[in-house]
Amino acid sequence: MAGNSFGQAFRITTYGESHGPSIGVILDGCPAGLSIDEEYIQKELDRRKPGQSHITTQRKESDLVHIQSGIFEGQTTGTPIALLIPNEDQRSKDYSHIADSFRPSHADYTYQKKYGIRDYRGGGRSSARETAARVAAGAFAKLFLSQEKVKIRAYVSRVGSILCLKNYKEMDLDLAETNIIRCPDPETASRMIEEIETIRKAGDTLGGIITCVIENCPIGLGEPVFDKLHAELGKAMLSINAVQGFEYGSGFEGTYKKGSENNDLFVQRDAEIHTRTNRSGGIQGGISNGEDIYFNTAFKPVATIMQDQESVDQFGNSTQVKGKGRHDPCVLPRAVPIVEAMAALVLADHLLRFKAYKNF
Amino acid sequence: MAGNSFGQAFRITTYGESHGPSIGVILDGCPAGLSIDEEYIQKELDRRKPGQSHITTQRKESDLVHIQSGIFEGQTTGTPIALLIPNEDQRSKDYSHIADSFRPSHADYTYQKKYGIRDYRGGGRSSARETAARVAAGAFAKLFLSQEKVKIRAYVSRVGSILCLKNYKEMDLDLAETNIIRCPDPETASRMIEEIETIRKAGDTLGGIITCVIENCPIGLGEPVFDKLHAELGKAMLSINAVQGFEYGSGFEGTYKKGSENNDLFVQRDAEIHTRTNRSGGIQGGISNGEDIYFNTAFKPVATIMQDQESVDQFGNSTQVKGKGRHDPCVLPRAVPIVEAMAALVLADHLLRFKAYKNF
Amino acid sequence: MAGNSFGQAFRITTYGESHGPSIGVILDGCPAGLSIDEEYIQKELDRRKPGQSHITTQRKESDLVHIQSGIFEGQTTGTPIALLIPNEDQRSKDYSHIADSFRPSHADYTYQKKYGIRDYRGGGRSSARETAARVAAGAFAKLFLSQEKVKIRAYVSRVGSILCLKNYKEMDLDLAETNIIRCPDPETASRMIEEIETIRKAGDTLGGIITCVIENCPIGLGEPVFDKLHAELGKAMLSINAVQGFEYGSGFEGTYKKGSENNDLFVQRDAEIHTRTNRSGGIQGGISNGEDIYFNTAFKPVATIMQDQESVDQFGNSTQVKGKGRHDPCVLPRAVPIVEAMAALVLADHLLRFKAYKNF
Amino acid sequence: MAGNSFGQAFRITTYGESHGPSIGVILDGCPAGLSIDEEYIQKELDRRKPGQSHITTQRKESDLVHIQSGIFEGQTTGTPIALLIPNEDQRSKDYSHIADSFRPSHADYTYQKKYGIRDYRGGGRSSARETAARVAAGAFAKLFLSQEKVKIRAYVSRVGSILCLKNYKEMDLDLAETNIIRCPDPETASRMIEEIETIRKAGDTLGGIITCVIENCPIGLGEPVFDKLHAELGKAMLSINAVQGFEYGSGFEGTYKKGSENNDLFVQRDAEIHTRTNRSGGIQGGISNGEDIYFNTAFKPVATIMQDQESVDQFGNSTQVKGKGRHDPCVLPRAVPIVEAMAALVLADHLLRFKAYKNF
């Protein structure tokens, strides 16, 4: 009801503001007997953390995860797993200028109107800092899914108008982690990085696209008619800060095609049923069909720019919001692990739901 | 868990297959004291029903809604409202050819694998016929929202590559209901209809885009961080048959812009705070800000084409799926009321959630 | 949120008033591939239906179940199962006397205050007629549980002050179905029947206790800390009309004992771990332990008596509620299948939840 | 699904084991703008904490609550409130004797079978220590309810066979907090304390009854047909460790009465409609009617006794569980605030749900 939980069977509830003592998450529904690799979990957090390169915000947070419960002698016990991440590098004074005014295209105004009160420091609850909790929980989802050999990898496929022209099948996706923008095509990666360096100097920001690819997803995940797998993935992605769009399979592009051009014909391959093409993006009728799942998530340019902008205060008086503070000129490289985490949470949830109903 | 419910406070659960005695829905959470206009509800169903024009399927269903409960002397009583729509024009034999084979880009294969059994007649539960139940429940949502003057109108903005170039603000959206394709620009409507007539003759199908506009949405709807209003709208749209993508506000297009170009500056207008532009699509931080909400939903071309297609049977043997039956060459005109219904269900749910928490 | 659904994985949503066209239920989450025995389902309904003996209400309802969806060629398909039961023997005029006044210890007053409107005919939604839908859905739960050999039997163990002194283990519980009061001890059954005949003549009513016994429940059902198996059973029972209390295992009686007297010691028997005694009622820490589950549900005497009673109308004016209509002098014999149905729904739900999380 | 959340609109999720770094709770759905009195919250915790008197366990925990989020400048912000309570006085070695054996009438065996692994230290997740998190969240619920003047007070009405003979209306319930057993009748309190002192010396334990009284509950709370107010209260109470039974209003006792004796007649009093008697316990048809709500919760005698008991290990071999450690001879005095907390959580949840649907 109040919106801070996600998932049904594999369910997370996150808490925390940018400037409180900590942010964190309770994961309820992680099966027992899973071996926990704390180093892996921390590494996932490190992929998201601020200050990781010169094209991200220079705010420093070590983002260390403290496990509070649910693990005994290195294994999950089936009880809730609480994860706490202390907030460290807080400069609340940096935000005094917005205590009474609303930053353009931020959540300041809507929070004020909805709740009648807001913790303006760092955007409070609307800060993307909250996503660290998702990444931490997502690491558990990934560990759980790795039991089934499910592999989830995302990468930056467009920054502003710098587009990675290669299809995901033409690249080694592991290369995404070898550069700071997280694009598996090194040449495109360089151009994206340059573009961000340029925009940063201009005090402006960029958006773009993250593509996510899921391999080895078991057949049968997704619960029609409302909890179709792609509908759940879509909601998961759209719940990430700054996301404005989602498409899977042939997506918006596919809507220009005819049915005869867009359909995926069934064929037998290696004694198993497959589709010859995969415009369905691995999901048919809302249920995974065993092919690769792939989808795009569109991020708008970061709303905080290093330029002064007109605005109003809470009484409607004209004011100016100063362009200052430490912010990302482009969130995409840091959003890659968030996209993966949310995808993992959706799949883990649906894998459990699938198991509940499997009756043959 | 099993996926046939939508919403939390204003919650629907639908049932029914294409070829059973009926389809229907239970709406739980419709507030008491709402005056019910049965004619209006039926009219909404009529906008979706098959056979309404020569560019839709020629299957005939009267789609009459039978109210089973929850209404007393013309008013809702606060108890569950059950709506039943009999199935009439069933030709189960039309489907014997797919009893053992899988139609390309349909849900036949995934249902078979997920459940180990499927009602192949008319696609069974995966049939878009299920959406009639959504439209019926959505009519109640619209009635409820009309108390608050919320106005929801969708229209076809692209069919294949025939695009309506005008922005929604430049058109009288009520004109959408004056033509059979439901595009408010008469000239574009004619071209879209021609395009569909042509594709129909070729035994092929088309997809496209439906744009939806919501006016007078109260400020404050949407529950961060997961149940952001646009995330819920996105899920709602992606749960509709054949949908492949969703974007709101400046959407995918906006990701090519710089932050300074995409931001919406706050201004005071008529003694109220507004944004000068509305690239945020009426939603900021996941919460409605009082501006128009608008979004696009992408529909793939209909998978059933009047051409024979290669496929396999359940044993993996090669087979052919015949192109026959009565089907839509383009679902978009009939999907307009479905998009509106799902949008109304999301808003009604969030309006109730908002009221629950309003504490000042 | 609005209270008409029960269960999470095996979930029902009921609808319907006493005097509308029908009552019914959607069951979402029944696994696919279950063979359906329609005769069995109807027989369960027959155990609850009115007019079945001279100690129940003489209202006549055939209570025929019409399956609307979810079954194909005799098997469940994994899609929602909608069940509709027409209302037949309605005498709405019988209720005109309470259109403006509130029957003592009924829901008339609270519904009026909560919703601002009420369907007074037959108590509307608050009528125990709603429980027919539960029994229909419960029959599916029982069929599902019978795959695991789970056996659920309830019986009347006390009517007013006529108590069945034998423990459930000392009786053949199947004998409960051989008499009209549903007590497995024939001698006690006769005395209970006499007691009801006497009270009926006096125009008064009786309450009592129903005991329910569940055999062969798999070990491990129940989800601490809030969804403990007995907490869910308790809620299920307390949601039945006229229930005022619930206890399991040694119950209220056990609270007079010392720990050393009440504890169940573990022993090995037939190469399996068991408890020597079973004061825990088959549930420890909220989780089934493989022993018999047993619990008591307390029903108050029926509120509708054949005597005139003082009351007020909706304006607070004194009035009299006439003792008339066709009502049960004691609901217990008809409540036995309701108790079983609700118990089955709880267990089916928890069996699915157990399967979801089973990871070893 | 996994059972560690309670409530729908005012929803808590608890985490933590007896011997991890902390236990805690996330409260999602507490309305914004509530002034928070940290001292009050801590005081509620102190009422539950161990070591508070010579008749409770001598384990020492300061049970200090650390607020992590959701409060800004002394007020709730509408975002999730995370509360963390460090575990302090842990003696894990005290539990090495049960690493491989099962304590009678505890959750050791069922946890082992359900999850395949268990944190045996202090009972792990099954420890009543978890209820500290409930009390902390319940304090927020009480603060919220105090806006509506709702008053919730529980007290010990029976210990073993020492019964408080006075009805709640004959006592000043505030006196309960003036003695260590929390019984508002001083004379009975003394006898209860003596009884516990005696049983403690014998190395044994006692159970009993806690009565809870809710005054000024608004009319209209409770959501039929499944989420009846008493059904939700019942589940809440049954989810507390060691609870074996629940009854409200005239309860089990009332089932011995005739309808004519048990019914509550409506009367007008002070220009408002009331019932002359209140055997319904303030709830009719599952909805609060404005009269006092009262109910009894039955606690079994504590399972941990200071006597050696026969048991088996996980291989089924006979063993003995030693009677040692620091435990309560009777949990009732410490359970009083837990009962109140759970009642407050139910009412806060239903107050929000009521507000969501209020439409006139």
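Worth pointing out:
Letters A, B, C and D mark the chains in the order given here, with residues in each chain numbered from 1 onward.
We take it that contacts are C-beta pairs under 8 Å (C-beta built on N, C-alpha and C of every residue); 3 or more make two chains touch, one makes a residue touch a chain.
What you are looking at is a predicted structure, and each value in this text was computed from that prediction instead of being measured.
Looking across C-D, A-C or A-D, the interface that copies A-B in more than half of its residue contact pairs is found at C-D. The chain pair with more C-beta contacts between its two chains, of B-C and C-D, is C-D.
The mean-CA centres of subunit B and subunit C are about 39 angstrom from one another, to the nearest whole unit. Rounded to whole angstrom, the centroid-to-centroid distance between subunit B and subunit D, based on C-alpha atoms, equals 46 Å.
With centres taken as mean Cα positions, subunit D sits 26 Å from subunit C.
Shared interface positions of subunit B, i.e. residues touching 2 or more other chains, are given as 1-5, 8-9, 14, 29, 32-33, 78, 114, 116, 125, 224, 352-353, 356-357, 359-360. On the side of subunit B, the complex with subunit D involves touching residues 1, 8-9, 29, 31-34, 78, 224, 352-353, 355-360.
Residues 1-5, 8-9, 11, 13-17, 20-24, 26, 28-29, 32-33, 66-70, 72, 75, 77-82, 84, 114-119, 124-125, 352 of subunit A are the ones that touch subunit D when the two sit in their complex.
Chain contact summary for the complex, subunit C toward subunit D: residues 1-6, 8-9, 14, 102, 104-107, 109-111, 113-114, 116, 125-126, 130, 158, 160-161, 199, 204-209, 219-220, 222-228, 230-232, 234-236, 238-239, 244-252, 254-268, 271-273, 275, 279-281, 284-289, 298-305, 307, 309-312, 316-318, 353-354, 356-357, 359-360.
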